[in-house]
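Worksheet for the structure shown next.
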């Protein structure tokens, strides 16, 4: 296979599946079920994941004149995105049944969005990153407004759109300034150009703008204002997707830009990240304390988790990348799981919204309640769940880099976080009240088989990441190492003689 | 022909436009105007790109602008569709009245 | 591969397997109770393997039934389990109390039994895990895990509407210091590259963890604070009375005491010997204050459970007083008293639970004159009380005696004064315990006790209570049998501290370096 | 003139060119109106304007005077500034685009090309750009009038123009591919080899593109059969319902100026511009002056032919329905234009 | 001449932007933005990017902004009203924007020397190659982004159809 095909195999598969769905959609009668299209999407996603796995044996691949770099890092995120999309699709296969007439477009948009995210993670050219970012953003804007009956859905879509575009402008400005400072938009060329740049302040400004732009995308405080409204209004499965996969992709970009693009400035941006992390954790957790709406609460919790993740950026490169990757994976597993449960509990009409509506869930839907409890415990960071090990790993990386106080802030925050998660958990296991019983028992639908499979996958992933994180850890550490090595190699390309030391790392 | 203009002047012009864009984004209450101010910000970025492209004698900056235009077009299509949808539902374009959810 | 190498794994995970089994079984009739009873009994039987095969002749400071597998390669986390004299009897005690907890909850828990027993078994897993783990990561995982089932038990099966608040209070009290504990553990890992307790203890003995004494101090305080809350030690006991008065009996039996005390003995003393030594005067003072404070508050309680809660505070304070004297007698007594607290406190709470089951209240003013109506209960109650107040022949006496004699030998400033204060606490304890007996069982009939006619103990309850009484007697009479293992652990710790005392403390430790307080490693 | 610097010469000559071209264009606009009325009259078996001056040749002048002297009405509810600015935009845009059109062979006087106001290397794009700005005139006129017919008319016009701009632009890509340049002079030169045979519409095999261009151009100029924006039976006069006097005249002139521009572009892109159809078949004759003027005549002749075609179509075809218009543009012209691009580029790639 | 161009159109652009901010009716804001875009097009041309200048006019002012104007006309929602929310925005908006402006300008001006000036003459003398150069880069080095843009447009079309469609 030519490297151009091999390197982009997962993306090709996703696009093909998406186009197939788009072509099939108008051919189906309006009243017909859209499930077959959903199955195409699921199949495509699974194949794309397998293709990523297949790429792992080839080491680092470059394609399209150095625009694309497929390495362990990008493969990790490809797998993660594929997994998240897979679980989301499984969970939403029956979601639109009987409600929306053109659910096929939802599946197609999901796949295209995933393609954009994958491009973001595997690209080392900021132009490509930008295009990928836009594909993923625009498809999520649309998906946020997909539940058109509800006024809140279009409102959520609008807010997401406006603030997302606002962030894009900052991101672009950052790219422009980086281009101005170094004369290139390739991440490695930027790193190289920084060594000789005549305009160092410009370069730092560029990085700051990039961080602001991506900060919006990952909803780090103080760029988080859109998150609660958007999560509250958007359909639950979409929130599950957009709180994880695009965020993971944005974090991947942020990792690449900071660690590969601006390594020379780490002493400066690490401070920025320190502040952002502390602020996000605190704002997220304190905000969540005040919330009654479950989705809104989880929105604030996702801000806090973005903060935990940002802690990894203050660590040494190799640890930091590995820890960030690992945390992204655990966060994705548990958050997607939590939203999948909420999808199943509240249904298309979102009958159950506030914590009171969830009161006594355990006595009516014991399995769903147990799963929700499990995901919430993982979000708290209880041992033997992914959440615990993720947090542990992130904070150990930060402590290793000497940021003990950040770890203290972070872990105290996770103490505060317990409060609101436990409140929901306690409500779920409390005796049902009259109103809550009325609300959550209306759609006493059975959980369909695909949704159950999706939930199980998420739960298993969360559990495995907590108990046997070995394989994932290996992949994340490989990702970290390969990123560092590739940076070194690219950096050395002009002066090959004085960097055999770094390249020796590769021999190991 | 005549005196050179420092690149920095173009950049400052870009910064002025960008800041006005931010201010408009925050201050304006009409959704469409807010969207328009985002476009203004993108234009400011484009000017910055072109100026740097000139400075480095590389057209890759210009290509970026080209892509920004395409993306802006795509965003405009989607954004205006969202705006139409919300206007149909709410009969208003004032962001302060788009407040079904607690802020 | 003999069974000795996997016995600890078996002990820890049998309850987990049981919990999964219960999750599958249908919640009909008495399935849950019988299932849980069978599992807890099985666990107990397994734990008995430990004293039966414990090698008393092994070198001091070695761990037995040792299992060590690499779990995660980087960071280097091991699945390392082991037992020594300190933890062995605690494991057996945990195993012993579990079936009793099931028996006592037999009728008290009548709805959502499945949830209750699953949580109960998970709590069991966490506690056993804490006692057997020798890897700090593993230990911390179990430590955190132990919070969850307990919180849920309180939140779901609590007595009044106040249960959710009590549960969250308990959780936050325990979780926030634990978070700091994690930071300290991470810091240790960064400094030493290992989570392995024996290795760390070796480093600590060689004084080679970190040259930054201020950071070491902060880390040791983080450890101690997390454990002190769980014990609880005097000013950190805010969660105790609420949690105890809300929690169901089976949960209360294991709520306070041994986890925190064991952790102090094992980890604080093991990894931070010097810092523990230096902070001992403060802890002795807090222990003494705790004894008196607990007793005084208990004296004025009207609610039986709250009375018992403050009593618990007093009892665990005795242990604190004992272990921080760093004398062999004090340490032995402290460890012994930890066991006693489990037994005596457990029995007391079981009996209170029985009364509540019969009369639906814990208010002392509504009882009275029950002695004639419930002869068996009153008998057992009196025996338990005597054990708690430390009457000779019963177990309490051995522990308290050792603690106080150790406290008198201690070499810290003002220790005599604090010991004297603590001794008054013993008298106060006797006062409130006996007053409680007097009020509940003697005198005129109270409001409830006259209105409700309740049966005396049935066979199941006899089965739950007599073993405890038997153990009380056995531990009171045949204390050397139990003491053999404990003494080994106590002696080891005491000797370590003697050596610290003999070598003068490093000068810089007294004037703690402000700059270094920034967080240590740079 | 020798004492003038090069820059000053350039400036003076440019102003001169602008003035001349502007006058000629405006006159042409006036007489195109007359031509249309005359030819339409003949097609409908009547005489058309014939009273004012010989053969009615002074009719445009009389119309102009009439429009100047009429009362300038301003509706009360109109958005004043936009209402006034809209016709200006419309007329200005239609006139500016003439500026890049080379209407004769290359003739340098003191280094300045005399037969093109401006010779830009993106001339084609400039025309497209200015045309697309012209939409604002129509859009704003309808909206600022505060009249529902005007608004509907301008909405129709706007969407029609946006839609057909796409097909228009794409139809030109084939031509650009062949010329490998966006400069109009280069495009003309690329068709110069063998007279009419090498014109894009014949030898360049761009007849499909030409067809698309023609359709799109009719729609862009809001001419019959695509004159829905001013469908009298439905919308009174469409977007300029509320306009009168000079402002109305400006819209009127803009429409005809646009026609001329479009005809010029068609001539340049598909019919060899100012080149003679006979190429080298006819030997060169006459002096330098004749050599300079003859291409201009060819150019004018070709443009005139297009204008006649316009008028002919108007006299012959009925008006489309709105949905037909849209589906014709999007479902037929657009795919066809893309197909044309693909085929053209494939052929070019295969040829080397 | 370059300076004159820059001053005239720079001032025009800023005036347009400020007008955008001050106007209350969205259509006026949109037209102000068109003015900004046209001035920027001239500035692009003055920086040697004539292809972009044309693209700016055709795509941005000729298509995107027409779409805006079209939607504004279609919805005809009237002028914006000021509410309590806008007062907060005033308090937050102006200082924030001013701060960003000051920071950016400070950095630009302090590093002005390093960035140099425009050399329009030298640049424009090869300007005939500009478009060719752009296409070379676009269809070779940056081929993938160019192709992937088609997905973006597909998504946008899909989205516009999904969102603007009326539910039955």
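Quick notes
Note that the chains take the letters A, B, C, D and E in the order they are written out, and that residue 1 is the start of every chain.
Keep this in mind: contacts are C-beta pairs under 8 Å (C-beta built on N, C-alpha and C of every residue); 3 or more make two chains touch, one makes a residue touch a chain.
Predicted model, so just to flag it, every value in this text is computed and none were measured.
Hopping across touching chains, the smallest step count from chain C to chain E is 2. Among the remaining chains, those touching chain A and also chain B are E. Among the chains in view, A has its Cα centre nearest the centre of the complete protein Cα set. Summarising the inter-chain layout, the chain whose CA centre lies farthest from the centre of chain E is C.
Ranked by number of C-beta pairs in contact, the top chain pair is B-E. When you average the Cα atoms of each chain and compare centres, the chain farthest from chain D turns out to be C. The geometric centre of chain B is 64 Å away from that of chain C, both derived from CA atoms. A separation of 94 Å divides the Cα centre of chain C from that of chain D.
Here the spacing of chain B and chain E, counted between their Cα centres, is 6 Å.
Centre-to-centre separation between chain D and chain E, using Cα means, comes to 28 Å. Annotation for chain A: residues touching 2 or more other chains are 127, 131, 134, 138, 141-142, 145, 148, 154, 157, 180. Residue positions of chain E with contacts to 2 or more other chains are 51, 55, 63, 67, 74, 104, 108, 111, 115, 141-142, 145, 149, 152, 155-156, 159, 162-163. Listed by chain label, the pairs that touch are A-B, A-C, A-E, B-E, D-E. Those residues of chain B whose C-beta lies close enough to touch chain E in the complex are 1-13, 15-30, 32-33, 35-37, 39-40, 43, 46-47, 50-51, 53-55, 57, 59-60, 62-63, 65-67, 69-78, 80-85, 87-88, 92-97. Within the complex formed with chain A, the chain E residues making contact are 103-104, 107-108, 110-111, 114-115, 140-145, 148-149, 151-152, 154-156, 158-159, 161-163, 165, 167-168. Residue ranges on chain C touching chain A, taken from their complex, read 72-75, 112, 115, 137, 140-145, 147-148, 151-152, 155-156, 164, 167-168, 171-172, 175-176, 178-180, 182-183, 186-187, 189-190, 518-522.
Listed in rising order, the residues of chain A touching chain C in the complex are 362-363, 377, 381-384, 388, 392-393, 395-396, 399-400, 402-405, 407-408, 411-412, 414-415, 418-419, 422-423, 425-426, 429-430, 469-470, 473, 477. Taken together, the chain A residues at the contact with chain B in this complex read 127, 130-131, 134, 138, 141-142, 145, 148, 151-152, 154-159, 161-162, 165-166, 168-169, 172-173, 175-177, 179-180, 183-185, 228-229, 232-233, 293, 296.
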